[in-house]
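Below is a structure I'd like to ask you about.
Which chain is which? They are A, B and C, in the order written, and residues in each are numbered from 1.
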Amino acid sequence: MEKTSTDTLPLTMISSEKQETVCIFGTGDFGRSLGLKMLQCGYSIVFGSRNPGMSSLLPSGAEVLSYSEAAQKSDIIILTVHREHYDFLTHLTEVLNGKILVDVSNNLKINQYLESNAEYLAQLLPGAHVVKAFNTISAWALQSGALDASRQVFVCGNDRKAKQRVMDIVRTLGLTPLDKGSLMAAKEIENYPLQLFPMWKFPFCLSAVLCVFFFFYCVIRDVVYPYVYERKDNTFRLAISIPNHIFPNTALTLLALVYLPGVLAAILQLYRGTKYRRFPDWLDHWMLCRKQLGLVALGFAFLHVLYTLVIPIRYYVRWLMNNRTVVQAIAKKENPFIISTAWLSDSYLALGILGFFLFVLLGITSLPSVSNMVNWREFRFVQSKLGYLTLILCTAHTLVYGGRRFLDPSTLKWYLPSAYVIALIIPCTLLVVKFILILPCIDKPLTRIRQGWERNPKFLESALNGKTDL
Amino acid sequence: MEKTSTDTLPLTMISSEKQETVCIFGTGDFGRSLGLKMLQCGYSIVFGSRNPGMSSLLPSGAEVLSYSEAAQKSDIIILTVHREHYDFLTHLTEVLNGKILVDVSNNLKINQYLESNAEYLAQLLPGAHVVKAFNTISAWALQSGALDASRQVFVCGNDRKAKQRVMDIVRTLGLTPLDKGSLMAAKEIENYPLQLFPMWKFPFCLSAVLCVFFFFYCVIRDVVYPYVYERKDNTFRLAISIPNHIFPNTALTLLALVYLPGVLAAILQLYRGTKYRRFPDWLDHWMLCRKQLGLVALGFAFLHVLYTLVIPIRYYVRWLMNNRTVVQAIAKKENPFIISTAWLSDSYLALGILGFFLFVLLGITSLPSVSNMVNWREFRFVQSKLGYLTLILCTAHTLVYGGRRFLDPSTLKWYLPSAYVIALIIPCTLLVVKFILILPCIDKPLTRIRQGWERNPKFLESALNGKTDL
Amino acid sequence: MEKTSTDTLPLTMISSEKQETVCIFGTGDFGRSLGLKMLQCGYSIVFGSRNPGMSSLLPSGAEVLSYSEAAQKSDIIILTVHREHYDFLTHLTEVLNGKILVDVSNNLKINQYLESNAEYLAQLLPGAHVVKAFNTISAWALQSGALDASRQVFVCGNDRKAKQRVMDIVRTLGLTPLDKGSLMAAKEIENYPLQLFPMWKFPFCLSAVLCVFFFFYCVIRDVVYPYVYERKDNTFRLAISIPNHIFPNTALTLLALVYLPGVLAAILQLYRGTKYRRFPDWLDHWMLCRKQLGLVALGFAFLHVLYTLVIPIRYYVRWLMNNRTVVQAIAKKENPFIISTAWLSDSYLALGILGFFLFVLLGITSLPSVSNMVNWREFRFVQSKLGYLTLILCTAHTLVYGGRRFLDPSTLKWYLPSAYVIALIIPCTLLVVKFILILPCIDKPLTRIRQGWERNPKFLESALNGKTDL
């Protein structure tokens, strides 16, 4: 639907009785693109420029006047000028009085200035109604109509009517306005387009560290060791076998690290006997990026699944199977069927599949549109109950995968156990601690603390003291 | 973007000229958490309390006064008190006159009271503008900022300006207000946080029943029967082989049950000759949870795919292949290649893959954000045409899987056919009936009925009679 | 939550003090369904009809009057009448003056009339406040409550208060109003429900052409050729082997065609020396449906993955492996292990998995709710950087799959190379051109052009000339 708007609207425009005039200050790339788009959507555009005679490349149909002349033509002025040049507006204080001033500016760095550009503008021109808008939309996107990315335009401002007028323009351009409240939100809105996945940095770094660790660990055990002792060239394992050790182990560790901060927070609350003291900053930050950690873990789990399913197609595996059978056939030896091995093999596969299935479910419920459909009770049920079940299944999958070999001294190479043994340390510890925490004798005081109860109500005392002082 | 709000906003606050004062009645956990959050977002907070001197643990910066003193300080009062204690407000009728009263209360059970808490409040204080809000947000989420779950705050109220004021506060706190209309919506809003997947109960129970049925069916055929007749220990099949019978059969049956109510409704409409009579309640409820039924079926299909793809990695299968080849090699017997078997094997796999692919497409289009992008015509095309195609492909997949063995008496064990034969009953019947329904001679009257035509226009007659009586 | 609204609201209604009266003009199917729904939600309904005595099937509780009588009962009139019959309203000009008139009409074809129905209505009755709404909701959906499809009701109108009143009604019915601005948006809103995936037509046709081409190409090489020369019946390959050639080759070509228009646009901009001239229409349209092209490619890639993973379960493959081993065992010949083959086999699989993984990531970020969470910088990072990485990985996957056989004359059949060689042409060319475009000596002028710089600033000159003329 949105795509056709640029095509159909101009037609409708012709029959439209009165055209609203909007003034744009500044004739740079963004000003021109916005002007063109607004012309196409039926607005009448007046550009305000320092040198109206020198302004070039303006969309045909738009008028170019000096700043003060242009401002008189409309009660909405869109300011497409850098913050550094806002000073010139002080000369226009009278003309701009009572008008709507739309600040579209962005900065080059996050928190570049103490106050946001829009608030600075409002201080410069206390008589104008400053509205922040359009800064999240790129000139290129406006021009090409290729708005596959967010069509959301964050709008904020202190004057409700001014904000409504700007939101109507946003809608007419085929974009979605999002009211972010008063001008206090401007700083956040200005920082927004400069961010590059801020919540994902910690999860990515952490998983990179884990991957590198497991990579070297596996290379030492699977490539260097056989080369040193048997002169065997195992380098081809770098393509599939070793990644298929790195990915599941990283995924399992990351999944455990999703639930670790919750357990640490519970221990801290139990120790402090109150929930009203802030957690240390690192714990706070860790708790806020658990969703991202979990999604990165899901990515690794997905890769592990694909790498595993591809096993029987690999040349190496086919050669191995074929050779083993040929050798057996030549020796005329049949293989006995060992039921316990069948049990182990089937159960570790089944546990892995069920764990992955629940993991995918968790991932789907963390999609914004799905989690918005879900109330708090349902969300906690899914993310906490189902999350722990996933962790239990994945840990069990790894334990059963180890099976009889688990901690068997013969699997040690240079005293190093298999990588999955390392990966099991955090999840197993976590599950044991969590199990202790849900024992009734520990769960009860914790629940009371979380409902606001205090073991050492110091605040209460001080509050009372304060009152008796009065 | 949202995550940083708590960090950046307090800074902005300092330079903010005037702070809005909001009054909170009640100093319980939710009141305190909300107060702290609002303080952080730049509001000035006054708590109203029964015993202002006894109130403890309040966020620093907030004032505590008696109810009537606090109410005078602000024209917005947030009421964080249980419904049972609303009586005390009747003593404050005068102070609260014309003020905005925000009801945040929740109940312990769905439909606990005849009228919603907010409507009860509006009856108690007819002079105040009651707005329902914030009841879907937990105190813990407010405090921790861990609002990965829904940030939506449902707001309703009879006074538009009061509602707008509250929605502005919601936005300033970094949450998303959702206008649900007048106070009549309060009951729904109060019931919302108490629900635990109400639409999923029927699909879950149904699939649980189907799973249990197929489980025992398969255990009898694949574990008990071989044990009784051949003393063979097949218990290891419980891990993968038997689930891989349960899951596809449950998925196919559930998928057919998604489309069955539509067919039943069509038959009922044809029989009654009108669309203006309500369906029986069970049919209504069934029709409303078709989407959930379909998604559960997709879950089972997904598990079936993973269980199937894992087959060649299983120890049992590898042992079987290896042993068969060794035996053949020892006997020096080559296997002939049977083209018809290759055809059957490849086509059941291809049908299954295509069916699963369409099923995943259906699942993706049922994501709220995707189905919102789609108009009614497109939605019906996908869910009806593509849905039936999926059912046809999955049924064909099962039929071809059966192939030559299908209904072969030698596959009967204790007169029981394979599980997939049972699972085919509903889909095959459904497809036959559907095929009959789309025959032109039946489709035409059905379409007319659905466009509002009546075979026996009794209502019309009665309406006319009524008129002639006048 | 939404589902329960119809059940709970009627109860609440009873205690509701005053009922708003809404008038519905027209007693057809949609009028009746809407009236019933509004009655259930607590409104009082008056139907306006040509022959009030003849109107049938109306929901009980609703009143039926003549048009002018009905219109006097309410200040909101919902018009459920076809555009062709709007003339009768001119007789009611006086009664309708100042009232809110809701146009719910749809047309039979896109752009059927020059102006939208709502704008036509506004011209007929300049005194009424026309609001467009409800046209995207079907009568059936209203009645059954089965609103799994979009619950969005697009609303537009020139009078803000009238629009707000209508949006309140929409909310009370449990639907989501979406303000689309002034009545100029009505044409777009009226076209919307008639569309059937307009942006998907080109991608679908293109992929159909590619599929058919690769199908015949593969049939000639893999079925006809062996039949002609060896009288071998390879038809069973039609089920899996040949689709598994068609799908990956189509996917790779489509993926390259997603990025080709961007490269063409860059070349065009470099050649023209400006970004201010429109691209040819075909290029514009191609650029606008890149997302859809990419998603179709992802679908084919997904099918390719499933068809590949299923390989070891196929009867043909099992027979082949078994036979090969038996023959070897009888000949007592062991297979040597070739490390370079292991490397090739493992790396093409690993490249394919990584490429598919990134492809899935791209697909997920193109979900509306996810791309709305992402700012412009992040979106460009994902869609451009990650997109090219995906293309590189998939191209490398295909190149390494070819491996030693690539362009080997012995693989030619009737001078035709394998299908993947054909599929590599576009991606390889594209990657080479893209590589040239990101060389600093070419990237710099391109970046300047995209920031608004012009090589031949003709517009500037003409603008200056224009000014000196004054």
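Convention: a contact is a pair of C-beta atoms (placed from the backbone, for glycine too) under 8 Å apart; a residue touches a chain by one contact, two chains touch by 3 or more.
What you see is a predicted model, and the numbers here were worked out from it, not measured in a lab.
Looking at subunit B and subunit C, the chains in contact with each of them are A.
Taking shared numbers over all numbers used, the subunit A to subunit B interface scores under half, which places it in the different class.
With each centre defined as the average position of its C-alpha atoms, the distance from subunit A to subunit B rounds to 24 Å. Across the assembly, subunit C contributes 1, 192, 195, 309, 312, 321, 325-326, 329, 367-370, 372, 375 as residues in contact with two or more other chains. For subunit A in complex with subunit C, the touching residues are 1, 3-5, 8-9, 11-13, 15-16, 28-29, 32, 42, 52-58, 136-138, 140-141, 143-146, 148-152, 164, 168, 171-172, 192-197, 233, 235-237, 239-241, 243, 299, 302-303, 306-307, 309-310, 312-316, 318-319, 321-323, 325-327, 329-330, 367-370, 372, 375. Touching subunit C in their complex are the following residues of subunit B: 1, 111, 114-116, 119, 160, 179-182, 184-185, 187-188, 191-192, 195, 198-199, 276, 287-288, 290-291, 305, 308-309, 311-312, 321, 324-326, 328-329, 332-335, 337, 339, 341-347, 349-350, 353-354, 356-357, 360-361, 366-381, 383, 450-452, 454, 457, 459-460, 463-464, 467.
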